[in-house]
Amino acid sequence: MDLWMLYALMKKSRLFEEAVAQLWQRGLISGEMHLGTGEEAIIAGIVSQLMPGDAMAVDHRGTAAFLMRGIDPVALLREMLGREDGLCGGRGGHMHLYSKEHLAASSGIVGAAGPRAVGFALAAQYLRPASVAIAFFGEGAMNQGMLLESLNLAAVWNLPVIFVCKDDGWAIITQPQEAARGDMGERVHGLGVNYVAVDGLDVDAVWSAGSQAIERARTGGGPTFLHNRCVHLEGHFLGYELLRVTRRPFQELPKLTVPVLRSFLRKGGGSLKERLAGMKMILSKLWSTMRDPREDENNDPIIRLRQRLMVDPGRLNEVDQNALTEISAVLSAALVEVTR
Amino acid sequence: MDLWMLYALMKKSRLFEEAVAQLWQRGLISGEMHLGTGEEAIIAGIVSQLMPGDAMAVDHRGTAAFLMRGIDPVALLREMLGREDGLCGGRGGHMHLYSKEHLAASSGIVGAAGPRAVGFALAAQYLRPASVAIAFFGEGAMNQGMLLESLNLAAVWNLPVIFVCKDDGWAIITQPQEAARGDMGERVHGLGVNYVAVDGLDVDAVWSAGSQAIERARTGGGPTFLHNRCVHLEGHFLGYELLRVTRRPFQELPKLTVPVLRSFLRKGGGSLKERLAGMKMILSKLWSTMRDPREDENNDPIIRLRQRLMVDPGRLNEVDQNALTEISAVLSAALVEVTR
Amino acid sequence: MRLMYFSEAIDDALAQAMVEDPNIIVFGEDVLLLRRNLLARFGPARVRGTPISESAFLGAGVAAAMAGLRPVVEVWQVDFLSVGLDALINHAAKLEAFTHGNWTAPIVVRVPCGGGYGDGGQHEQSLWGWLAHIPGLSIVVPSTPADAGRLMLSALRQDGPVVFFEHKLLSEIYLAALGSGGRESVQFDVPAEGNRGPVPDKWAPLPLGEAIIRRDGGDLSLISIGVGVHRALEAAQALGKDGVSAQVLDLRTIQPIDKFQVCQAAAKTGHVLIIDEDYEGFGLSGELAAILLEAGISVKYARVCTQTTIPYAQQLEKQMLPNTECIIASAKSLLVG
Amino acid sequence: MRLMYFSEAIDDALAQAMVEDPNIIVFGEDVLLLRRNLLARFGPARVRGTPISESAFLGAGVAAAMAGLRPVVEVWQVDFLSVGLDALINHAAKLEAFTHGNWTAPIVVRVPCGGGYGDGGQHEQSLWGWLAHIPGLSIVVPSTPADAGRLMLSALRQDGPVVFFEHKLLSEIYLAALGSGGRESVQFDVPAEGNRGPVPDKWAPLPLGEAIIRRDGGDLSLISIGVGVHRALEAAQALGKDGVSAQVLDLRTIQPIDKFQVCQAAAKTGHVLIIDEDYEGFGLSGELAAILLEAGISVKYARVCTQTTIPYAQQLEKQMLPNTECIIASAKSLLVG
């Protein structure tokens, strides 16, 4: 494992996504935008180990994985800008990124990465022995039947799949304690798949767990599930309401609370107790976001890795500079003919 | 628990289904026919404990459950005969039996009993406190996403559902070792549901486990999964090919093997090794059926229960006679105007 | 009369119904966010979040309806019904037939639909004509706040299952949640009358199956539904300037469908142009053609529908979805040809 | 020329293709039983059973196709696609569009369909017109053994996904497996020519999108697909005795659909009767009406389709499915009216 290489991957991905965020804010990218900022250690730890012939099934948060897989960043950005010369001719957009040569495919349907990785791995069994398929998805997806089915199917067919769960503790505004019961490890085991819990903020840990899982898969040992915890720095997607409220409470809080309070007070409906219980749920959502884990620098995998790499500040600075230069070049190349 | 009452239920159900089988053989009942013979202990052990307001979601093998729930057997039989005065006006047939007043509903879609029982239980929470909902399904259904999802949902909402898995070791011709990995108990636990393994051939055991599960559900303790093993005496459905071969090998075996052998020998295709592996799978299916567990009387829950009730042969004889009389009466009532 | 936004109107009518009928409950993913106003008024027992388990919670909704509740079950987008269709197709839709009318499942499935905000092909489908193919489902696609609220009220009074389509381009809630989020730099082609409009002080149900003429005209009948109605109205106005008098018929529901008004409109002008944001083939536009032919009404006919998978790029997306220019061009060539 | 049963012909053509192309694999629930002949010839690596996990294995099939295999994925009955549609609707069908033509998923989904053997409303649906609504799927519905084998060969050569419908009433394998099992006391109304017929010694592909005239006639065009074609032929013969000369057009595939022959047939006789075992509304019969109206062909039109959920009782089932008597009656009233 080369921490410097991993750091460079993560840093470039971060800069790229930050640029995407700005373009989105300026209205140059349409639709929803789910960033992967905060999960870079997970993506880098896995994707850096892929070889030609390996495949990747990605969810709605796939930019980092595509970037780190070595897919042309200019084409990627042009895709998001909806240009004819984008990765998919502007037809897909950020939730529907595809690269046939890299066997990399995204999907906006929660859980679909599971069956897809199983199919990729099945093809590998016939056509590309010792190749593997990765599925990236969130903890929310682990309540989706097709993903559960696909774990079992991968186990039954002993396929080289690595199921990579990026558990940020949120599925839009839904938290695991509201949406799932039972232990994740047991759930995965009960579907016949090897389970490993990993600190998804530590690229070292992800890389090591990933390395074992991938090796196991390449040598016919079957699927593994890596359960990685992380924090999404921009919440569910750009413009995420709860985060907006947290970040600009004076402007945003009234927009949310005034109608809620008005409704709370309206004649007819639940008892006071019921209404209060409802209010409490809304407030607790706000509260959970207010205790923003993003404020703790330890929850940013890049900051964490930097601390380790500080042993060589000169080299770190150089890598940072290179990343900046590279992404700036990508930006200018992609934006030719677009910026007004 | 009243073993005599349970025996009577089981015996009547057996006689009823045997009559159904005959009518089906005579062509008076159309379509597929999945009997529940062999699983009577499971059904009786659970259904006998239901109260008004309790609900039942049944799969394609639902006749026994409907019968034991006290739904008019004449209407039931007339339904299978496709008559206007059948339980559903002849519109449903044996896979689509419904009784609104009993909150009992079947479905031919494998796994659908799960979400349905969850919905029934949800309604119970609002409208019929302390009522429960039962889901009946096979072990094959435990690979169907919607059933897996519904276990989790029942746990999240802490619903009064009893998931009753009737594990006969077969899903048509597919056996669990080919179709599932991981331990069933872990799978269920990992979805947040209390798991209990039960000997489904022993009505006593089912009743006791069921009683605890139902009590727990009625008092707000949430869902339980009962994993009951059993043997289906008629195989998957009437006319089941593998069983036919076993039972009438001289007539049936050639029909199956001659085309297979011809294909095995055709030019072009797999290597000899691959072909032999294919042949071996077919033979092993036949072999599994040949070692017919049905030949062991211990696998018939009614025979097993009789052995215990032999302490009072007089009473046993009386119960048998009553069952016969009752089912004969049902038959003649249902068949009025039908038999030619 | 009050002024309301589209989804506000639906929620308001729903709230009125919830006050009257304690058996109405609402659930779906993230409804604690989407229906927070209802949550604050009716409490968490009647407004519930769910896991991302569409098969399970749609199925549960159908069964809860069978057992006495009136669930309004929400799915994030109609496109995602693909993972949970069994409950609707094989259960809700067939129950009444299977039981010879004895048992029904009065569930309302609330689904955002439609495109024009940049999410692309897996998130902007319409699919109302698709679902209408299955006997036993009612299909409602309102185009104004007033209709939306009133049709929600009717939906809640049906005996059987209703799929209630809420066009995202009309819905202030979904637009904010999905399309624009925290930015003010984007603008969508939102039909003003569809997005906000007058609604009654007290909601009264609008029966399913009643189309309405949104604009009268004698040369040509534009028949549409949802956002398409507003595009048709815009086109009709432009056509008016060119001396073409176009009528606009808003179907409002397609199952049941108002055959009478369809035939009347067609017979009146002899020229029918269907505008449908759902896919062109094997859908609403075809069914309308069959209705006309069955009635023996001979007309000139054309259709402007979504041809294939909706592309992401803004310009391509705009061209793919039925737009005013397309409608005008088709209308003109229909009248000439 | 050889004589073959319907499914035997499909399997035979499939086997020929499997010999030529090692990337063709077959999987689905219980295929070890259903395709045991292929299993014995090609081995378990190419013929695989699956758990009852339609979402997972259909999705896996689509992805395997993306990654270089040519999977033939089987589902027990088209009705059960309801639990696994996402893979087809949102993935297989959209891939080519999403990638601007760069990537496709050449999967063949083999689905038994249709009724007439007593399983009722949740097991006897047709749904071909339903799936045809989704752009990006090819839809094949053969009516004879020869067509079935040849169309399977074409399906295996398509770039994109194909749904291959196998009517249970034509299929000796499904009839034995589902309808009659071990008894000889039942008899279904199986069209003889559809169930067994001459097939070529070596299979050659039949291009998708080519309809065929099964019977010529000048008064009336019966347009159908699958088992409906045989019912139409029977009706045409009966009509012939009454002096009505009816033409029968077998569409064979509906996506692509042979617009040219549809229009030609309609223009020739001026009277069109659609016979479709799929549900009537928002489906094939409507699309055909639209095709005619778009082409400006004015005809007398009627349709005999499945009206609603198929009832279980034999007599009711027979009445619900398009049957010869119905077709004859509709034809006569169309000619008179």
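A, B, C and D label the chains in the order they appear, each numbered from 1.
Just so it is clear, a residue touches a chain if its C-beta (ideal position, glycine included) is under 8 Å from a C-beta of that chain, and two chains touch if they have at least 3 such contacts.
On a predicted model such as this, the values are computed, not experimentally measured, just so you know.
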| item | value |
| --- | --- |
| Chain located farthest away, centre of chain D as origin (C-alpha) | A |
| Pair with more cross-chain C-beta pairs in contact, given B-C and B-D | B-D |
| Rounded Å distance, chain B centre to chain C centre (Cα mean) | 41 |
| Where chain C and chain D are represented by their mean Cα positions, the distance between them in whole Å | 31 |
| Chain A and chain B: spacing of chain centres that average the CA atoms, whole Å | 43 |
| Residues of chain A engaged with two or more neighbouring chains | 88, 90-92, 96, 107, 109, 143-146, 149, 152, 156, 178-180 |
| Two or more partner chains touched - positions in chain C | 45, 50-51, 53, 55-56, 79, 82-83, 86, 90, 94, 97-98, 120-122, 309, 311 |
| Chain B residues within the chain D interface of the complex | 24-27, 29-33, 79, 82-84, 86, 88, 90-93, 95-96, 107-111, 140-141, 143-146, 171-174, 178-180, 237-242, 244, 256, 259-264, 266, 268-271, 273-275, 277-279, 281-282, 285 |
| In the complex with chain C, residue positions of chain D that touch it | 55, 79, 82-83, 85-86, 89-90, 93-94, 97-98, 120-122, 129-130, 132-136, 254-255, 279, 281-290, 292-294, 296, 298-303, 307-309, 311, 337 |
| Residues on chain C engaged by chain B in the complex (per definition of touch) | 23, 25, 45, 48, 50-51, 53, 55-69, 84, 86-87, 90-91, 94-95, 97-100, 102-103 |
| Chain B partner contacts - residues on chain D that touch it in the complex | 15-16, 18-19, 29-30, 32-33, 36-47, 49-56, 79-80, 82-83, 117-123, 176-183, 185-186, 309, 311-317 |
| List of chain A residues in touch with chain B within their complex | 143-146, 148-149, 152, 155-156, 178-193 |
